[in-house]
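Supplied in structure tokens, the structure appears directly below.
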Amino acid sequence: MKKNGILNRELSYLIASMGHGDILSIVDSGFPISEDVFCVDLSLIAGKPKIVEIIIPLLEELEIEKVLIAEEIKMISPKYHQKLLSIFPKNVQIEYIPHEKFKDRVRESKGVVRTGEQTSYSSVILVGGVTYHGEKEEGL
Amino acid sequence: MKKNGILNRELSYLIASMGHGDILSIVDSGFPISEDVFCVDLSLIAGKPKIVEIIIPLLEELEIEKVLIAEEIKMISPKYHQKLLSIFPKNVQIEYIPHEKFKDRVRESKGVVRTGEQTSYSSVILVGGVTYHGEKEEGL
Amino acid sequence: MKKNGILNRELSYLIASMGHGDILSIVDSGFPISEDVFCVDLSLIAGKPKIVEIIIPLLEELEIEKVLIAEEIKMISPKYHQKLLSIFPKNVQIEYIPHEKFKDRVRESKGVVRTGEQTSYSSVILVGGVTYHGEKEEGL
Amino acid sequence: MKKNGILNRELSYLIASMGHGDILSIVDSGFPISEDVFCVDLSLIAGKPKIVEIIIPLLEELEIEKVLIAEEIKMISPKYHQKLLSIFPKNVQIEYIPHEKFKDRVRESKGVVRTGEQTSYSSVILVGGVTYHGEKEEGL
Amino acid sequence: MKKNGILNRELSYLIASMGHGDILSIVDSGFPISEDVFCVDLSLIAGKPKIVEIIIPLLEELEIEKVLIAEEIKMISPKYHQKLLSIFPKNVQIEYIPHEKFKDRVRESKGVVRTGEQTSYSSVILVGGVTYHGEKEEGL
Amino acid sequence: MKKNGILNRELSYLIASMGHGDILSIVDSGFPISEDVFCVDLSLIAGKPKIVEIIIPLLEELEIEKVLIAEEIKMISPKYHQKLLSIFPKNVQIEYIPHEKFKDRVRESKGVVRTGEQTSYSSVILVGGVTYHGEKEEGL
Amino acid sequence: MKKNGILNRELSYLIASMGHGDILSIVDSGFPISEDVFCVDLSLIAGKPKIVEIIIPLLEELEIEKVLIAEEIKMISPKYHQKLLSIFPKNVQIEYIPHEKFKDRVRESKGVVRTGEQTSYSSVILVGGVTYHGEKEEGL
Amino acid sequence: MKKNGILNRELSYLIASMGHGDILSIVDSGFPISEDVFCVDLSLIAGKPKIVEIIIPLLEELEIEKVLIAEEIKMISPKYHQKLLSIFPKNVQIEYIPHEKFKDRVRESKGVVRTGEQTSYSSVILVGGVTYHGEKEEGL
Amino acid sequence: MKKNGILNRELSYLIASMGHGDILSIVDSGFPISEDVFCVDLSLIAGKPKIVEIIIPLLEELEIEKVLIAEEIKMISPKYHQKLLSIFPKNVQIEYIPHEKFKDRVRESKGVVRTGEQTSYSSVILVGGVTYHGEKEEGL
Amino acid sequence: MKKNGILNRELSYLIASMGHGDILSIVDSGFPISEDVFCVDLSLIAGKPKIVEIIIPLLEELEIEKVLIAEEIKMISPKYHQKLLSIFPKNVQIEYIPHEKFKDRVRESKGVVRTGEQTSYSSVILVGGVTYHGEKEEGL
């Protein structure tokens, strides 16, 4: 079996398919998910699993350069908002966009992971980064 | 087997796939259903099953925030219209739109349930709601 | 969205497809799952989610009449074994079979739910029951 | 739309696909249905629709020559049994077989119709007949 | 087997799928049929079967409210045109449109039935009707 | 469009797929057709089209070396039997086998053509022949 | 097996699917073929088979009314051009269009046959004709 | 485009899929080909293309270690037989087996190439070889 | 097995499918690949295999007429850039376009080969050429 | 993109699908691979990539308990054999079986990874292990 990290098959495939700028969305249980997007439904019951429970192990294996969040989170779910910010490394840019735009961006996802989260405006878009810049000497 | 509520497999899947704002349409037997929409055909014979027979158990398992009905119902099928209104909880908003617009909206459905109903303008669009608002203390 | 209970789409479909005597297997993360069986992979990371976390909400919605467990559990994972027994209602028969036979039975499953459990011989087979016996007066 | 009789699409297809000796099974809600058999799930909730509600309109469109029922019905569900017998025309042969054998035969079905029936041993196998015997003069 | 009417499986399915305003096209053997439309090819050889041979039994099972025909039929195939009109009930509206427009409408068909007909401009579009209007007392 | 002979797409494909010893079955409307066999359903209504109407144009395009018929035809449908024999060229061997065996052979068909025929034991198995024997001088 | 003419299965299907105005393209080995078009790849090696080797037997079975060729053929491949013209019957209209337009038309093909031809601008579009005009007396 | 050798897509895929001991069958136009085997139908008309026309370019790209031929070829198609032998390199073993056995082996093919060959017992089975034996120094 | 050159099945198929002007993209490991494009993922680990390791054997089998590279390569990866230029024959035109445009063109690819390359702006688009111009004498 | 380890999508999915006792085969370029087994073809050209190049990074992510090798390797490819043994951790059991048996076991693989290796008897079967034994205190 797989030794470490994320054990899930579909999620392992998704992580390995992500390219620079590709979008992986982690959404709450009531989020409307378009049929055209590949969905990994990890939801079990209300509150299980939470969005941060998915993102923390994801950040171990997936290089990201930016995070998109619905701006309404600041007003509606402030405590969750603070917890969410705490799990991202400093070098990752956090961008806030209106929820309507947020929903449009989720439709462009490489994949959507559905959770049991039941907090308003809690969904997160992870924008794929890239682990190399310029060229390595021995790379030639 | 499943203990309670809706026993149907496809309908159980559809209910669990509904997100906030997603559309589930319950239509009469002669309603034109586009090939692009997922259809659960529960129709048997004329009048069986009726639309209200489907909606009542659905409301037990599915959170909805709004109902769309063709405005022509008021004139053409008044008695059915009253019976239909009686099965929805008070907090659910009822919106009337022209039948032509109603048909367009049905094409955007997450799923369409076909019944044996044979009453004009009797179809109903259920707009998915969400069971949580803001953030729960223990949710963090 | 779905109001209560199990939110997961594939699991909702599976529960509604279970008949009397059908098998639903809840397995640990390293369990070998045949390609011929419908698999709902809910595993995330080592230990998450646990098998009991899946079974408890399942028992709310799914009628079962028997549980099959690998007999090796008694020797190898006694504490887990006691915890497992504690979540099943008294009227459910618990049957112990050798792990090799257990693996054969899992291949006949209606569906397999993969978890993050990392306890030896922790997998469980739920045998579907039926909620009615004989005939009801008004049933005719 | 279809003028009369059975409105359901999948059922209309099934009826037109039935040949002489082919099997169409109408089963109760807890009956174990193999994934290899084409299933039309018309079940809604416990008791809806009943098996006889399906069979009566079926007999209008489908020629059958024999009916198979589980012999245990006589003891366990006598009233239902009498009602069931009453809906079949006199020329249709009724054959009783043990429930284990009955389940094997259902696996050979051209199609299975799942109902909401909740009466033990209530499932019915309809064996397709043929509407012509020998040759018609003008048939040549 | 199916007792009466149209025996064909795909056609039985199509009839049961037709809704109010849906289009079922019966076309001659040389008619260009788009790959995106569901086609039931009943053609055998030149002239067999004819379009009217298909429409007559269809009208027994399918409620239609309108018929579309290419206007060029009046000039090019007058005798066929008269025969065609004779098979439709008085209450069905006949509408003539240019052949180019006719071909566009066929592309929107729920299904196309291909025949062996070899008469110019002989194809026919059947527009689905509905068997009920307003509400029935017992329908509530 | 296709200039001559059989216009039907699926039948044209089937004819071109037939090899030496392959089986093409032309069956009556009530014949039980296994789901595993490729079926071209040309049936329309009772008696239309007849089996001989299919075979005659087939013999123009398809080389056959043998015909299998159910032996019961001699007793049950003698007139049809004579008509059937009359359409086959002298060099084609006619073999009679019991209907049970006949049904087994049909399950091995490359394809089954379903007709509207309503005559008992009227189905026919065409065994593919080959148009060349030995080697042609210029063939090298 | 098939007695005469084109033996190829896919090509036999394509010919029988062609309607009036439908396009069948016969292209050289280097022609860019869109993934969205049904392609019958008969190419073997450079020069085998040639385009004319395909068209000659096709004309025996397929009614065409027009041929489209890239106008650049006149300048770049004059000898091939003459040979190509020689194989078409006098009543078939030959139309020359710029190669860019030609490539667009090929994308609308019912099917594309790829050959081993290695001559510039050698591809040919066959536009389906129809074998009947007006109405036949006995056709009614 | 591909510079040299076999231009055909499916054949290029097949060649690259062949392993040591895998079977690629090149068959005459009337050979019975099972639906379960991947078939590349390159047949056009009687005699075109011939089996040797396929094999010669194949031998350029495909390593084979053995050839199977139906023993009946010696008696029935002697001249073709000699021509066939002449195209194989000396180091390839030629094995003769009864045609019935030959047909069984073709059913195990990785792929079957259908030609227009019309010579009895002319089909050929190519048994894949391997281009390396033992280990190469720099291979480590 | 395949004697020489590129052994990979999907790549062999892709090469044989390339037409004049078709695009085959060889991209680095972090390149965003659209789900709508056929992808051959040959990546193993960071740096393995490199883009030039793929292109060199490809140029043996695939005729190309132009190469597209992101213009940013000159500034960001100059050494890699020089190495890349060195592997293309003199007659192949090298065109530089902005990376945003480059990404759009990759979406039009016949196929994308993913590598382990980890050098910025290292991806390459190969534009298919054609091996013949005008007409060959014996080609007629 | 994925930060570390194996970048390949299909391989990432395979690793995450492996259970205790499941088989992942890494085979040389000429190995016969059954169509029924999921194949990740990473082969490029002769010798690239080598089997050990695949196994080394695999061992980082995949827990294995046993390795199967064809016994003929000792005699035919001794140097390769030593190199192969050197890459496996001491606790992994190495088992030698006859090549014929080895080929049978590969047919039972969860997946087969094809390489460019060109060394006789060089293929390797990795038998999945499991990372946990007994029960962990906090696991309850």
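Chains: A, B, C, D, E, F, G, H, I and J, in written order; residue numbering restarts at 1 for each.
Note that a contact is a pair of C-beta atoms (placed from the backbone, for glycine too) under 8 Å apart; a residue touches a chain by one contact, two chains touch by 3 or more.
These are the chains along with the protein names UniProt gives them: A, B, C, D, E, F, G, H, I, J = D-ribose pyranase.
Only a predicted model underlies this, so the values are computations on that prediction, with no experimental measurement involved.
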Both-way neighbours, i.e. chains that touch chain F (D-ribose pyranase) and touch chain B (D-ribose pyranase): D, E
Shared interface partners, meaning chains that touch chain C (D-ribose pyranase) and chain F (D-ribose pyranase): D
Equivalent-chain rotation between chain H (D-ribose pyranase) and chain B (D-ribose pyranase), CA atoms, steps of 5 degrees: 180
Residue-number overlap at the chain D (D-ribose pyranase)/chain E (D-ribose pyranase) interface, same or different (half cut): same
Chain C (D-ribose pyranase) and chain I (D-ribose pyranase): spacing of chain centres that average the CA atoms, whole Å: 50
Mean-CA-position distance for chain I (D-ribose pyranase) and chain B (D-ribose pyranase) (Å): 51
Multi-chain contact residues (two or more partners), chain E (D-ribose pyranase): 1, 4, 6-11, 17, 19-20, 30, 46, 63, 128, 130-131
Arrangement of touching chains [line / ring / star / complete / other]: other
Listing of all chain pairs that touch each other, if any do: A-B, A-C, A-I, A-J, B-C, B-D, B-E, C-D, C-J, D-E, D-F, E-F, E-G, F-G, F-H, G-H, G-I, H-I, H-J, I-J
Chain I (D-ribose pyranase)-touching residues of chain A (D-ribose pyranase), taken from the complex the two chains share: 17, 19-22, 38, 63, 110, 128, 130-137, 139-140
Partner chain C (D-ribose pyranase), residues of chain A (D-ribose pyranase) touching it in the complex: 1, 4-11, 29-30, 41-46, 48-49, 53-54, 57, 116
For the chain D (D-ribose pyranase) and chain C (D-ribose pyranase) complex, residues of the former touching the latter: 30-33, 35, 46-47, 50, 76-80, 83, 117-120, 122
In the complex, chain F (D-ribose pyranase) residues that touch chain G (D-ribose pyranase): 1-4, 6-13, 15-20, 60-63, 128-131
